[in-house]
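What follows is a single structure, written as structure tokens, with notes after it.
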Amino acid sequence: MKPTDPDESRRASWRAVWPSLVIGAAILWAGIGSDIELSRVANAGGRIAEFLSRMFPPDLSIAREAVDATLETLRIAILGTIGCILASAALGFLAAESMTPRAINAPVKAMLALMRAIPLILVAMLMVGAVGLGPLPGILAIAFHATGMLGKFYADAIEGVDRAPVAALESAGATLLQRLRYAVWPQMAPDLLRDTVFRFELNLRESLILGVVGAGGVGFYIQTYVRSFQYDKAATLTIIVVLIVLLIELANTWLRRLSR
Amino acid sequence: MTAADSEFAAVLTGVFHRYPGEVRDSISAIDLTLRSGERVALIGPSGAGKSTLLSLLDGRLRGFRGGAIVLSNALDARRAPPRNERAKVGFIFQEFALVERASVRENVRNGRLGRVTQMAALFNRFSEADHSAVDRAMADAGILEFSEKRADCLSGGQRQRVAIARCLAQEPQLMLADEPISNLDPLRAEKILQLLGQTVGRRNSTLMFSSHQPVLAMRYADRVIALNNGSIAYDGSPEKLDRVLLAEIYANDKGSDCPSLRLVG
Amino acid sequence: TGDKLTLAFIPQENPEKLVGDVKRISAWLSERLGADVTGFVTVDHAAAVEALRNGDADISFMGALPFVLAEAEIGAQPLLAEVYRGSAFYTGRVFVRRDSGIETLAELKGSDIAFADPISESGYLYPLEAFVKAGLLTPERGTSSFFGRVYFAGGYQQALQAMAGGLVDAAAASQYGELLLTPQQQAEVTWIAESEPIPSHLVIARPGIDADLRSRFVEAMLSLNEPENQPLLAHVYSPDGYIAADTSAYDGVRAIARRYGLLD
Amino acid sequence: MKPTDPDESRRASWRAVWPSLVIGAAILWAGIGSDIELSRVANAGGRIAEFLSRMFPPDLSIAREAVDATLETLRIAILGTIGCILASAALGFLAAESMTPRAINAPVKAMLALMRAIPLILVAMLMVGAVGLGPLPGILAIAFHATGMLGKFYADAIEGVDRAPVAALESAGATLLQRLRYAVWPQMAPDLLRDTVFRFELNLRESLILGVVGAGGVGFYIQTYVRSFQYDKAATLTIIVVLIVLLIELANTWLRRLSR
Amino acid sequence: MTAADSEFAAVLTGVFHRYPGEVRDSISAIDLTLRSGERVALIGPSGAGKSTLLSLLDGRLRGFRGGAIVLSNALDARRAPPRNERAKVGFIFQEFALVERASVRENVRNGRLGRVTQMAALFNRFSEADHSAVDRAMADAGILEFSEKRADCLSGGQRQRVAIARCLAQEPQLMLADEPISNLDPLRAEKILQLLGQTVGRRNSTLMFSSHQPVLAMRYADRVIALNNGSIAYDGSPEKLDRVLLAEIYANDKGSDCPSLRLVG
């Protein structure tokens, strides 16, 4: 922003307008092109009520299987999360602009995007092909797929820390690792915790696709019930998932209070 | 480097720097030699380039032109100096640069990081020497009392003293202090300046500090350098710096239309 | 003995029952074959075939179309065919609402239709063939030349529900699909066309399976037809019984799959 | 941290140990209980190579359908994203601890968790029940489901801003809205942008599940191709998705540079 | 409130405060009356409670005990004062509290937010009066020159002047300044203190500023209040505050073992 050079500032404001134009055009295209009858939304109320009524009362006869499936899902989610935390710590660090030169962080960032981009179903098939049936391919698929997101989150968290204390430690002769440990880590620990717990929660729910690899988690049950219109059973499982997620949310709040 | 170099803490020749996107140089045509053991006060109006010059000497300024040798190490305009060089130069930041969520003690201990082995530090293994240096630094800065408090629960002056103690704990050969007494009461301010001076005397290290309190600064310096609009306007003994000169230094910067006020006493 | 046999099950309606079923059947087979039999549930045939390919599973259960695809893909072998309601064949049908007044396929020109799933013989390919036979469309020109909008609803039930709920005009599903609707809905819908007979679901094996083990497995499964073992059928998708599979019975399916580009 | 009261500090450190214990126990349980043969991972290399070889060379004959499907997916993602941005702005603000009293932010936070917890497939079915087949239910399902995550992100971003300038504006007499506009917004705009673009990217990929509701799109094709073992065709579509995601990643970097 | 109240800018009676988790009061037993039009300097050692007292008067301190009336409005220990009351009290923050990514002008304009209608401000609609107040404040603080620069691209003293200008633009009835000259060169420091004093005189408003430069502070104040360990140690005219008293104020705080140094001149 140089008030002394009007040309430059005009150019700058044009640069700022560009993205808005592109985004605006995309929205217009999306909105106009598609045959969406928004009128249908108007009289959806009754139908939604009817749909929900089919979920009540939840069919609790499957409670036992539901609990087993939940434990299985939890197990896969926990192990998958551990895997993706390890991978994300390494890749997230490499992808952070404030930590590595552009020649490293740009390709790593792209790689993470790529890992996210590969559809989970394909990853799951690949893992079944690689290690067979059972929980293991599920865990690997989750770990792989989740790393694409969590690694990005970690990189964002690293980039978001206040640079002044990092510079101060660098000035004192601290090595990269030491700066990470003593200036970056204390600042980003709460964010990291939040992101990791969040990803754990997502992993728990991605068991939807994990039915693919045997053993049968909650998601697999829900999917099957929904496909066979047994909404009252799906409701039971959904309630369990919701309870667990709320529990995680509680734990999250508690942990963050500790780490603040 | 020849042996003769070691009598110089820093040698700058024809240094220029401009922040990206700016129209004016932040420092320009700086020629400067710091002798080992000197205590140099850096004064000059706000925006004169004091912080910029100090960060140059600390090896943190990128994109400068000209020659800069600090403790026999030639600075590179494109990258930070190697670790052992950085450890030799200490810096007290104008805006403190503390790790907010860490305790006072942890912040001060961070000053030791340049001296411990990589792995030891990662697992919080500091030597006895480290611990005692940290304790001494905290005692000297008067912050032992609240050494376990978090840095973000302190008053402004307390925070500033944590920044000072961190630098003391580092035991650097060249100590650069950017407005180290801005938030300190007069007694503490004098004590800190005295302390920094003593530390320098004890270890034949070198001190350069900036300050907006020329009277105080002159009392604790062997040499005063005044910056104005990025250039050196005065470089000499404190004694020769009289009111007239001082008034000139502060009045002469662009964008200042101050009336000439009493500056000393 | 050290024989090991792994079964890959594909879920149907009641997953909570299936997990128990898998245990029951595996246990029974273990005893019967004197082998170590384990069962896994996979979400669909693709994962099961992936497991068969690598020898992670030996046996699986699936429909005729997935089978012919798996046969071409990994050389899977047909072992047994299910007999369901007295027949080793079933059909796909085109359903409409009674109050729509539609009686022939030709009347569906320009209307919206919901199919079950693109990889479905009774919910897509066979009913579509009925339209082709009626001269209404050709595989080359595609469905859009005849219908208004074409949806893949994800399953028989979703397709039929969409039709019963008035969201589309017609739906294609298995002949037994109707049973998935509520009695009230069943009274409101009817079917207007039926496909050629489709070979029913079957039990398949991976190509490299030990021949002796395979024949013992087939024998064991056929023994489920005997009266004292009949109750166990309820734990393998509840067919009436099994017959040995005849590979030529699937020629029709292979031909259709080829016509629609699913096979080379 | 009160060094003057050793009891208190001992209690504090116990409180800090608790979470580690719980997490450690959970990991142990997950690891020991499941029958995972990690040895299988060792010889997975060849199998993975074999799997990938089936995807090459990608079958480009379906390029036309692929482009159509991609456009359809983009359209659903764009409109779904707009929906969830609007909902998230409101809910995210309400869920931010630094903006609303606990009595409001806690329930809103729980509600967002709940929205995330409900499996997308169930939401999709609900929407099909409500507004019929086609893209509309897909858009609504995406908008609903994504709000659970994006609303949380927005709340996090609001909570993450430096409070000093917010307090300064409050002291100057600025209203809540004004503080949002002039102290919170400039600080969090880059984070917001990042999170929104990221969620857009996710929405794009959640079309995988949307095939279920007859919405078409890339995910539906990929699923179908995988299920009919046409991995070379699935590869073509995956490449398109990957390209789009990388493009979004590029746009993201560019936008963030502008907004920094 | 009776008419007589308006001659008082603030009345504190028996005010105590302790930060959560602390063992000592940050301010204790404060009885204090500020008369309209007064210019009060607040001095005292680092950690004495100056910032705490100022933030109390600004209505930002939660959980205090005792009575506090500011500009006829009784403060609540549990919630912030209503908007119009907040707009009447201006504050210059010790650590500036600028919006980093915003320009200098935008930061200064933020001082006007208490005076514009809600909606107008949301769409960047400020009146002519607002614009001219902002320009005047920037000119007075000497920051017009770089009014379009971003706040995070400024030197320490420049940032401080932005914080001052923001408060000036607010045109408050009671102006509270926490170390407003800590990062300013002597000329600018005097100019700013003079300016704050003039502003107060012009509008019969009230000024209270803390400073660690008692000599300067006393020159621009009608009244000096000294805090020590949270309590008022001196309250009276600057003239009566001699070296001995000053030395006592600064030496007498806990955790300080300073030798008695020269404090004045």
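Note that the chains are named A, B, C, D and E in the order they appear, and that numbering of residues resets to 1 at the start of each chain.
To be clear about the criterion, a contact is a pair of C-beta atoms (placed from the backbone, for glycine too) under 8 Å apart; a residue touches a chain by one contact, two chains touch by 3 or more.
Since this is a predicted model, take the numbers as computed values, not measurements.
Taking C-D and A-C together, the pair of chains sharing more C-beta contacts is A-C.
Averaging C-alpha coordinates per chain and comparing to chain E, the farthest chain turns out to be C. As a whole-number value, the distance joining the C-alpha centres of chain D and chain E reads 45 Å.
Averaged Cα coordinates give chain B a centre that lies 79 Å from the centre of chain C. Touching of two or more other chains is recorded for residues 44, 46, 54, 154, 158 of chain C. Under the contact definition stated at the top, the residues of chain A that touch 2 or more other chains are 1-2, 125, 129, 132, 134, 223. Residues of chain B in contact with two or more other chains: 95.
Of all the residues in chain A, the ones that touch chain B in their complex are 1-2, 4, 162, 164-165, 167-175, 177-178, 181-183, 186-187, 189, 260.
Chain contact summary for the complex, chain C toward chain D: residues 44-46, 49, 54, 66, 69-70, 72-73, 114, 118-119, 149, 151-154, 158, 162, 165, 167-168, 262.
For chain B in complex with chain E, the touching residues are 19, 43-47, 50-51, 94-95, 142, 144-146, 153-158, 160-161, 178-179, 182-191, 212-214, 247, 250-251, 254-259, 261-263, 265. Against chain D, the residues of chain A that register as touching in their complex are 15-16, 19, 26-27, 29-31, 33-38, 40-41, 44, 47-48, 50-52, 74-76, 78-79, 82, 109-110, 113-114, 116-122, 125-126, 129-132, 134-136, 139-140, 152, 156, 160, 191, 194, 198, 201-202, 205, 208, 219, 222-223, 226, 234, 238, 241-242, 244-246, 248-249, 251, 253-255, 258.
Note for the complex: chain E touches chain D at residues 21, 23, 58-60, 80, 83-91, 93, 95-102, 106, 110-115, 118, 121-122, 163, 166-167, 170.
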